[in-house]
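What follows is a set of structures for review.
Both of the next two complexes hold chain A, though its partner changes from chain B to chain C.
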Partner chain A sequence: MGNDTLIRKENRKAALFRLAPVMGLVFLFAVFLILAIIKDINIPYSFKNIINQSVVVVVAATGAVFIYTLGSFDISLGASLCVSALIGAMAYNVTGSVLVMLLVCVGVAVGISLVSSVLASVFNLPVFVTTIAMLSLLSALVLVLIGANGTGDVIQVPAAAVRGINNVWFKLIVMVLYLAFCIFLFDFMKLGRKEKFQGGNPVCAKLTGLNGKKLAIAAFAIAGIGVGLGAFLTITYAPTLSRNTASSVGMDIIISIVFGGMPVSGGARSKIYSAAIGAVSMTLLNQIMLTLSLDSGVGQMVKAMIFILVVYISMSNHKGNILPR
Partner chain B sequence: MKLGKKLTGTLAIPVITLLAVWLICSSKGVALFETQLNILTFVRAIANVSLVTFALAINLNSGRFDFSVGSVALLSSVISAKIVLALNLGPVAMLLLSIVFGAIFGLISGAVYVSVKLPPIIVSLAIALFYEGLAFALTGGHGVSFANSANLLSFSTIPNLLIIIVIAVLFMVVVFDHTRFGYEYKALQSGQKVAVNTGIKEIPNALICYTIAGAFMGAQGFISATTNGTIQMSLNFGSISPMFMAFLPMFIGGFIGRFSNDKMGYLLGAVTSALISLLYVRLNVSSSVQQIVSALLLVCFLIYLNNEGVIRGLFVRKERAV
Partner chain C sequence: MKTLKRLTALLLVVVMVFSLAACGSKESGGNDSAQTSGPDDSQNVKIGVLVSDVTSAEALAFRAYYEEYIQEQYNVTFMYSDELADAAAEASAIDNFIANNCKAIISFASADRPAQIEQCEQNGVYYAVATGTLTEEQYEQYKGYEHYVGAIGPDLYTEYMAGYNMAKYYLDQGYTKFGMFGGATPYYTEMHIYRAAGMLVAMCEAGNGTYMGANDMGSMIGAIYGAGCQLEPAVIGDVELVGYVAGYDFDDAWFGKLAAVANDPSVEVLLAVGSGQTAFAGFKQANQKLGDIDCYTADSVALMESGTLDYLAGKFSASIGPVFIAVLSAVQGHPIRTEEGNAFAISQGYWVATSAEQAKEYFEVDSSKTEPAYTRAMLDTLYGASYSDLEAFVQKYSFEEIKELAK
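Up next is the complex of A and B:
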């Protein structure tokens, strides 16, 4: 066999592995459809549920891809989303304007992201540890905000105020616009290439004149926009906010990004659409568990096994002779 | 390094913290250790924090971030509690069973990691989900309660907790500083590729690390369960929260390790954390303020650690100017 044939074969194999998350999504979609038909489930209603549940994670996680591409990691995004939503809701209650609520949600989330990135950049702190400290701070801030509101355990936006935008089409439009914005920045602008270069080889990137600190701040700011939009969509879906609002979103973001085939080490193999594929796949998986009426514990075990299987297949082409760290 | 400098570097943080905590309490007219219960709270915090810190540090020092430590504690304590309640056994049996099951679940985590060869952070996410799900399924989501088992609840006394702490520290020092495994661990830690190329077997080393970390979390799960009288279930990564209490002591331990032994450093870091926790308890500080203060302390300490040269430089320049 010639060298060219071998290379072509290897490339085909690599492409197939890279497509594992997409194939996983298609497979889950097919399983869901089959189950829905067998169990006579209202399919349009289920799809509406899937969109409602996945759209917040898709938006927040797509922005987070910029952070992951740098080989960094932010564990505080869920708490940031909760704080942004709470302050956004408070802003609505003061002004009565949905637009102000949206702007406050996005502004607060971007502000929080910038604090994390500036702390990490200016004081040379490890990004991950900075975000752990931010997670504690923001979780505490959630309690303070809810306590300061003085109306019990929740902060509420009148349901009537968001009824007009609490529909699938509005959410899809927000999601598609933000995805398009991220794809444009990531795949068609210098910023995306620089982020991949910085994540893949920070030393070379520095030697070629890239400013890692500026790239980190840009990545966190873009992620902040996603988190802010996620906070706004959270309010439209569930206008009564409590300390548990978006409590699982932080980890869902990490799971979605990884499930969608994004390498945690970042770099050139990063894909902007990973988060969307991963988030929709995980929601489909949850719906399948619900349809099968599985015990919550067993359902989570199955989810864990499918997660590791898909990630194993999608990353199995990149293994060295030492254990990954 | 001179003995005086070693001692100063080793004891500075816990002693300064003790003085600060004591001064704050005194200014509020509160005695830090007023009752036996205050001492018990302090020792229990040291035991909990030091065990989680050891478990997390073993793998994190080698670049393996492990989200599953909390779920190992959860699952091992659930299984050991169920066995102990079914067979009407005592607390020592439950402690031993928790450690054994913790070690087994830690080993399984490690085995999955070395088999699939995925980044440990990803594997630990899947393992955490799986163990949480298994614990939930085993208890039907109701958790385990042994509020009526007086003998299990009576275990968490000061002498018993101190024995656990001493054994854990001695075990860490002996295994990681005085065995071949420990030397290989350090070699892999500082130069993974070179160590593997020189013939060090990385996979068994990683498996042992995960097993030891699991055993520590088993013990921590036992202490937590016998203190609360119940084991509550967590899903969707609810079990990862115990991990966060280990970060400050771990970084303090790393700093102290420069002057003495890092394992002693982790213990002293846990003592420092426990002093701060006791201060919160004595002054009835709300949980939100506790979280904010703890996060700020972590950030400030990290800023110092990562900018030590610059900060020292500032002081040196000032001295020269004077």
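Up next is the complex of A and C:
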């Protein structure tokens, strides 16, 4: 077999794999629509519901793609989102300003992300190691914040304060703006290319003069913005925050990124829209299981099996004979 | 790559179009059926059930009553939420129910009840609280909402008395050294705080002492909140709280603390505000007594038969029957309101068993899928009933009173 034939074959295969998450999303969408018609589901409300349920993960996970592209991993994002939301809510209760709440949420999340990445740089540790330490630290901080607030086991923002922005349009605008920002950085700026290079081959990246630590700090800062926006959107949707707030978001971010076709090893095949596709696919899958009245245990097993399948397909795609191009 | 981008763009457009549809849609709530003679079984009614606990014996017993008895008897379908951990999860679950055309929601979850009521009112979906009540402040705020049906469950005074009566049962027998499991008290869970307060006040009365300077209901509740809901062992006059453990950490340290309290040779009685069978049953010494506030299950009956448990104040699974019929009645156009036209708030107590025979008798009725404590025939008498009839029915909650009602 000639080189050209091999390359064409590999390219076709690669294109198919690249499209797999999108096709999966379309498939889930079609199944959901069919079920919705058969089971007399309120379709307009369902779409509003899907946006409400996926927007926080879409925003937080899209930022996290920058970290995953480096071949790194952050398991503290859910806890970071919770801490940011709690401090943001406390800031609102002090100032009465929604804008201050937004800025505090983003500021705290970026700060936490920077601490993780800077610590890793100072101690020369793999970044994911510091995120494990941050997870413990942030989980403890959640309890301290709630205890210090002195109003019981929750921190609340008055529902009336966020009622005006608890609508689909506002959430869509925040999501689209942040997605556009990330796509711009990832696909049209040097930063995205450098991140992919660093993730794909750190040794070569270093030899060509790239500073891996600076790239890590930049990636974590961008992810922090997403987490902060996610914290703000969490408050607008449910302004009563507790130690359980966003408890599942950390895992949802990981699942969404993988579900959206992002290679777990990062590198050149990383795609910025993976998180959005994955998060919406997961929400659709949840809706389908709910409509079918599947027991939550069965639902979890179905999700686990699909997760393994997606990772397997993703890994298979990397067994080609040529480098990605 | 271009194809991929086009597909992604197409998807985004589709999502936007449906979002527009979602934003422009109007909800239709309520119903138009009106039949005063009894429940209308001609059309299926979907009811969402919010739960924050899907594994405890109590939660499973409630679910079994709805799914294995009520759903078989009435033309209704219950949709259960997953285990809801926070207010956002509750809001999502309500959205799911509304999308699935549920006409009403019965809530066992309490992360943010005001938000639940607001969300249901906004979307024209009936809402009721089972096995709990709103605070007085919350009730005053929401009692006039059209879609807020009401709440049936132990109010906080009933919770206080459940703890008080259990401690007094042992104090009256001359026991003075206690170990206590405070359950979710450190998480500011009112139900457990009030039960703990009741136990401590009973100890104060029997021991002629005070606990953190308090010796009656009001001051004890204040003292507990003042201490950040963190209780400590203390000498209370002639009575002593020898050991205290709380929380649901389920780690080695937590089990170690429970074992330490139970293994203290001076402890005569172990009291639990809830989950006492999980917390203490495995560590309890043969000469110790164990009292718990929980529910009637095959396990609790077995523990009473073996002498491990000797006092159980338990919820009965059919206790959620009246709130169901009130919800169905509202959905079918016959809401039950107070004389002032408000939502109801009715307190309901526990069945107390102090012997294995009693517990066995209670459990046999409680676990029956054909003749539970509240049968369809009994519940049908409440369909479209007056508030006073509903209140009278619910307040006759003891095992003997319910047997009388069944006749």
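In this section, the second predicted complex is superposed on the first by the 310 of 325 C-alpha atoms of A that agree within 3 Å, B and C clash if a C-alpha of one lies under 4 Å from a C-alpha of the other, contacts with A are read in each partner's own complex, and residues count from 1 in each chain.
Just so we're on the same page, a residue touches a chain if its C-beta (ideal position, glycine included) is under 8 Å from a C-beta of that chain, and two chains touch if they have at least 3 such contacts.
Nothing here was measured: the structure is a model prediction, and the numbers come from that model.
Contact with chain C, but none with chain B, is seen for A:Asn42 once the two complexes are overlaid on the shared chain.
Applying the stated contact rule after C-alpha superposition, one finds that A:Ser242 touches chain C and leaves chain B untouched.
In the superposed model, A:Ala64 lies in contact with neither chain B nor chain C. By the touch criterion stated above, A:Arg18 is placed in contact with chain C alone, chain B being left untouched.
Contacts of A:Ala109 after superposition: neither chain B nor chain C is touched. Of the two partner chains placed by the overlay, only chain B lies in contact with A:Phe307; chain C stays clear of it. By the document's definition of touching, both partners, chain B and chain C, reach A:Gly147. Look at A:Asn52: by the touch rule set out above, it reaches chain C but stays clear of chain B. In the superposition on chain A, no contact is made by A:Ala223 with either chain B or chain C. Common to the chain B-facing and chain C-facing surfaces of chain A are residues 147, 247-248, 296, 299.
Chain C contributes residues 1, 3-4, 7-8, 11, 14-16, 18-19, 21-25, 27, 54, 79, 82-83, 85-92, 95-96, 98-101, 111-112, 114-115, 118, 187-189, 228 to its touches with chain A in the complex. Listed in rising order, the residues of chain A touching chain B in the complex are 73, 119, 123-126, 128-130, 132-137, 139-141, 143-144, 147, 247-248, 251, 254-255, 258, 263-265, 295-305, 307-308, 311-312, 315, 319, 321-325. If you check the complex, the residues on chain B that touch chain A are 62-65, 112-114, 116-123, 125-127, 129-130, 132-138, 140-141, 192-193, 196, 202-203, 206, 233, 235-237, 240, 244, 247, 251, 286-292, 294-296, 298-299, 302-303, 306-307.
Chain contact summary for the complex, chain A toward chain C: residues 15, 18-19, 22, 25-26, 29, 39-49, 51-53, 147, 152-154, 159, 167-169, 172, 234, 237-242, 244-248, 273, 277, 280, 287, 290-291, 293, 296, 299.
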